[in-house]
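Next come two complexes built around chain A: one with chain B, the other with chain C.
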Partner chain A sequence: MDYVVLLKQVPDLAEELEIDADGTGLDREWMSFVASEWDEYALEEALHLRDASGGTVTCLALGVEAGAVDELLATGLARGADRVVKVGSYEQNPDSHTAAAAFASALGSVKHDLVLTGVQAIDDLDGQVGPLVATLLGHPHVSVVTHIAVAAGGSSVTVHQEYAGGVVGEFEVDLPAVLGVQTSREAPRYAPVSRVRQLMKTATIESLEAGTPGTGSGLTIESMSVPESGTTAEMITGNPGAIAERIAAILAERGITGGGAR
Partner chain B sequence: MSRDLPILKVDQIHELEHAVVDGVDISGHWNRMFSDRSTTALPTEAMDWITSLDGGESMRDCYQCGKCVPVCPVQHVGDYGPRKLNAKVVRGNDLIDDPDLWLCTTCGNCYRVCPKEVNPLRIMPAIREQAVLQGKVPDELSDVFRNLQKSGNPMGESPRKRIDWIAEAGVDVPIISQIGRAVDVLWYVSDYTSYHPRGKDAARAMARVMTALGIDFAILGPEERSDGDSARLAGESGLFELLAEQNIKAFQKYEFKQLVVMDPHAFNAFKNEYPRLGWEGEVLHYTQFLAPFVDKIDFQSSVDLDVTYHDPCYLGRNNGEYDAPRKLLEAIPGVRLAEMPHTKANGYCCGGGGGGMWLDGFVAEHVSERLSERRVREAVATVGMDGSGVLSVACPYEPSRFEDAVKSTGNDGRLVVRDIIELIDQAMQPPAA
Partner chain C sequence: MSGEILVVVEHRDGAILDTTHELLGRASALAAQGGGATVAVLLGSGVAGLAGSLSASRVLVVEDPGLESFSPSAYQAALVPIIKERAPDLVLVANSGPGMDVAAGLSAALGLPLAAYAVDVTLEGGSPLVTCQLYAGKIQAKVRFTGGRGIVTVVAGSFAPGTGGSPAVEQVAAGASDARIRFKGLLKPEAGDVDITRESVLVSVGRGIGEQDNLELVEALAAALGGAVSSSRPIADAGWLPRTRQVGKSGLKVKPKVYIALGISGAPEHLEGMRGAELIIAVNSDARAPIFSVAHYGAVADLLDVVPALTAKLGS
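Moving on, here comes the complex of A and B:
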């Protein structure tokens, strides 16, 4: 089984985000980048599946200048990927349509049975890369996947989707397929910096052309703003004793605790 | 016997070609041992592997004399011991999967007494690095590594929040990137001093004391990153280098005469490790920096306290500074200084070094009590019996460790923990009305 994982970097929320002077993007002065959380789950799942029943894991990421894509890919190798490939060349993360077209073009020459990617990313909450790649390649696709098992013989996978109210749907998907991963069975493994740095010096990061760019999403960001604080929340201040008393009073007022709560 | 006689090497052992003892010539191989002296019955792969690592070489030199046994702080509270480590390796255990690998706090007390100079400060990081590369790291430690990597501090807080403590300092704390000029002192505030609620108290005290002394200082502010030394000792040398490169880049951007640090681990890193990575300069622990100023400090009140002092391993034993903290304490009006039995070169480790700060849960499964708890009992016995004792410290790891230990040992009300700078700051305030 050949697994391919599509990775991208997003702004690190350890930094407080600020809007740039144009009011249409994030101020990059303080911004640092991290791997998208859901993409890390996708990679973790791919590594588990490969370790359980063999195969290869290849990571693809777009060659975006902002951020550190080489480090992202070296981290993939440090976690256990077999091969990493940088696709195309971009100044910043492009929209999902452009990204999907580039990945689909690269997948034309990268052998794959199962393509995994994060179900979405915090920078655009678009969630379209998986479905678009699947459409462009003519593969089946399932989003918000929480459990992946490869069928005996390796011609299909069984995946779960969780619905509201604790209902779980199970799908059998013919391969090759594309999955949007919601979470992994275990937390993404730590990639030691020692290993990443070793690999940054020694590893081969392959490059592939992005092919003909599509028409893009057709969307432009007109403005970005920080949500205004509402007035319905009551901020409780004071010493711990006073805060506790106020909380107890609120709980009693709402009938959540009995009159004897104090 | 004179040593300038011809020497030959037999079976890896140097010995005299001609030996005369008390007039009797005992030269000749028949007077030596009757068989090979190298132990070959035990597997040698583990020892060969460890001694092939950069830093692991001295593991082989242990001859099981046991001088390390009574001085190892971890051996006091569990089955671990430096001598036992060697015995395990001799028996074929490469330590990679052994919990003992993570119990050493790199306090250096065994190395101090070791006649063979077996050095766990180099051995443990070398083996741990291999464990890290294989992904065999306790989860709580890898969480901290991840935080250090992402945000430059063990808590995973925003680098910009590194200066939040300034708001309540009561004095101006200049940030070097904003003042645009050279300063005398670049003050490296460090992680716990910047972010931990109790650490911040020391930062504010230090800012007030330096301001009162008229010292021309500034801090790096959000550009400051963890010194990385504890990550290095815990085996993540790549992470250490990453953080060091970030700090060195910042150090090189600005002009200053001295680097003054709050954290002995940072002191150790900047003094002993950063030079090989490209930064060299005068670095002083804050106690060393302030000690020459004691006569200039304008003390306004007497603190009236029985105080003992805990030597931090990376200021005391591993860097030889015992006097500066004591000079400061003795200058504070109303401090009655008493020494604990384990003091100075034989100071007892708080348990936080070498990654121990971030392995509390893991270590707890292998010890009968925390090192910090044992140390607090010693402090209570020294100054806390009448309920007014102070355990003074000079390392930002310690207020939280020891304050937790005061509570967990049931000594609340008998002992308080204060950084030396907090005591100085307290005595510089006018007496309470």
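Moving on, here comes the complex of A and C:
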């Protein structure tokens, strides 16, 4: 089985996001980037499946200048990927449709049975890359996947798609296919920073052309804004003791007091 | 906008999902404003009886054994020819697992743009203006379809459900099928020790709890309040609390009298499950956490400091 994982970086939400001067994008000057959380789960699942029953894991990421795509791919290698490939060349993260067209083009020359990527990313305004790539390639796709098992013979997988209330749908999916991964059975494995640094110097990061760009997102962003936080909330200030006192008073006003009264 | 607004119906276990009624509610309002018609597309097998409950002008019922339960490939194959033929101005889909598959699949298959994570859709200047939540709810973007038409995936709870309606029901033959994804069954979780949808006080924890051992502090607070402990997704993913305690899109929808959110940033997926609580009190160390935009009371503080103080206060 040949597994391919589509990876990307997204702005680090631990940092404050600011809107640019146009009011239609993020101010990227001081932005720092991290691997998209769900992509990390996708990679972990791919590595797990390969370790369990053999095969290869190839990581693809777009060659985006902002951020640190080499570090992202070197981290993939440090975690155990067999091969890493940078696709195309972009100043910034492109929209999902452009990304999907580039990945679909690259997958034309990268052997794959199962393509895994994060179910979503925090910045995919024009939709999730997984089902977009799948449809461009004519492959079936399942989103919000929480369990993957490869059938004997390797011609299909059984997956779970998560619904509300902890209910899941179980599906049998013919390969090749694309899965949008919601979570992995184990936490993403650790890659020592020293190993990542070493691989960034010594490892081979292949490159592939992105092919003909698609038509883009087809969306026009009129404005971006930071929703006004706390406009509805009355903010309680003071030290923890004072905050606790105020919360206790608010609860008491509603007849909820200590002692486990219902 | 004078063309059709098409709503993809989601149903499970023989019942229409709430999100579909919400989409129809907004679709009807937009159609009334813009002069178009609301068309619901109901895919399934033996589902025609559900059509009458949909508040649309017209329901297209596509029945086929291959559509008995949701399958991404079967739904996509059946929907592509319908949308191609009817060329609706707007296609509304719920931002659920099936919705993501359907909406993004249709977008790529039909070359129609997609605006994801919408919390509002209005008509302004005669064309749709969509408000989307990005960056875990920290940014809102207002977007238009460059060509005027497109697909929108809508976050649950964004619109009031549609009411009434005696739609014209039309049976449509399935134009195409794709059995590469076959539904095998629904798996339901075992009932939990506590039914958080029935509790009047929920003390809910998120990533801000830091370590599993700190849950004891929260359990003590919940006990003092006569409530139960619930959580956001990361806590259930880590196995620190059972999945049956999870609030949100993939967990349960709760409407307690009091919801105390501790160390929960308030990603849209979480807010979806708890914004209906009567009183929401949030404690989070990040002043910009989106949870403060739905909370009634908020405090920017470390929950590990506030919780023991509050428990002590309640015990005194």
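Keep this in mind: the second predicted complex is superposed on the first by the 237 of 262 C-alpha atoms of A that agree within 3 Å, B and C clash if a C-alpha of one lies under 4 Å from a C-alpha of the other, contacts with A are read in each partner's own complex, and residues count from 1 in each chain.
The criterion applied here is as follows: a contact is a pair of C-beta atoms (placed from the backbone, for glycine too) under 8 Å apart; a residue touches a chain by one contact, two chains touch by 3 or more.
Only a predicted model underlies this, so the values are computations on that prediction, with no experimental measurement involved.
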Clash-or-fit label for the pair chain B, chain C on chain A: fit
Which partner reaches more residues of chain A (counting touched residues only), chain B or chain C: C
First, second, both or neither for A:S194, with chain B first and chain C second: first
Which of chain B and chain C A:T158 touches, first, second, both or neither: second
C-alpha centroid angle, chain C to chain B via chain A, nearest 10°: 120
First, second, both or neither for A:V34, with chain B first and chain C second: first
Contacts of A:L132 with chain B and chain C, given as first, second, both or neither: second
Which superposed partner A:G54 touches (first chain B, second chain C, both, neither): neither
Touched partner set for A:E16, first chain B, second chain C, both or neither: both
Smallest separation in angstrom, by C-alpha atoms, between chain B and chain C in the superposition: 10
Doubly contacted residues of chain A, that is, touched by chain B and again by chain C: 16
Residue ranges of chain C in contact with chain A within the complex: 12, 69-73, 76, 96-98, 100-101, 103-105, 107-109, 111-117, 129, 132, 134-147, 150, 153, 178, 180-189, 200-201, 223-226, 237-238, 243-244, 246, 249-253, 257-258, 260, 279, 281-283, 287-290, 292-302, 305-306, 309-310, 312-316
Chain C partner contacts - residues on chain A that touch it in the complex: 11, 13, 16-17, 19, 26, 96-97, 100, 119-120, 122-128, 130-132, 134-136, 140-144, 158, 160-174, 177, 180, 182-183, 187, 215, 217-237, 240-241, 243-248, 250-251, 254, 256-262
Complex contacts: residues of chain A adjacent to chain B: 12, 14-16, 30, 34, 189-190, 192-198
Contact footprint of chain A on chain B as seen in their complex: 129, 132-133, 135, 137, 142, 145-146, 149-151, 156-160, 236-239, 241-242
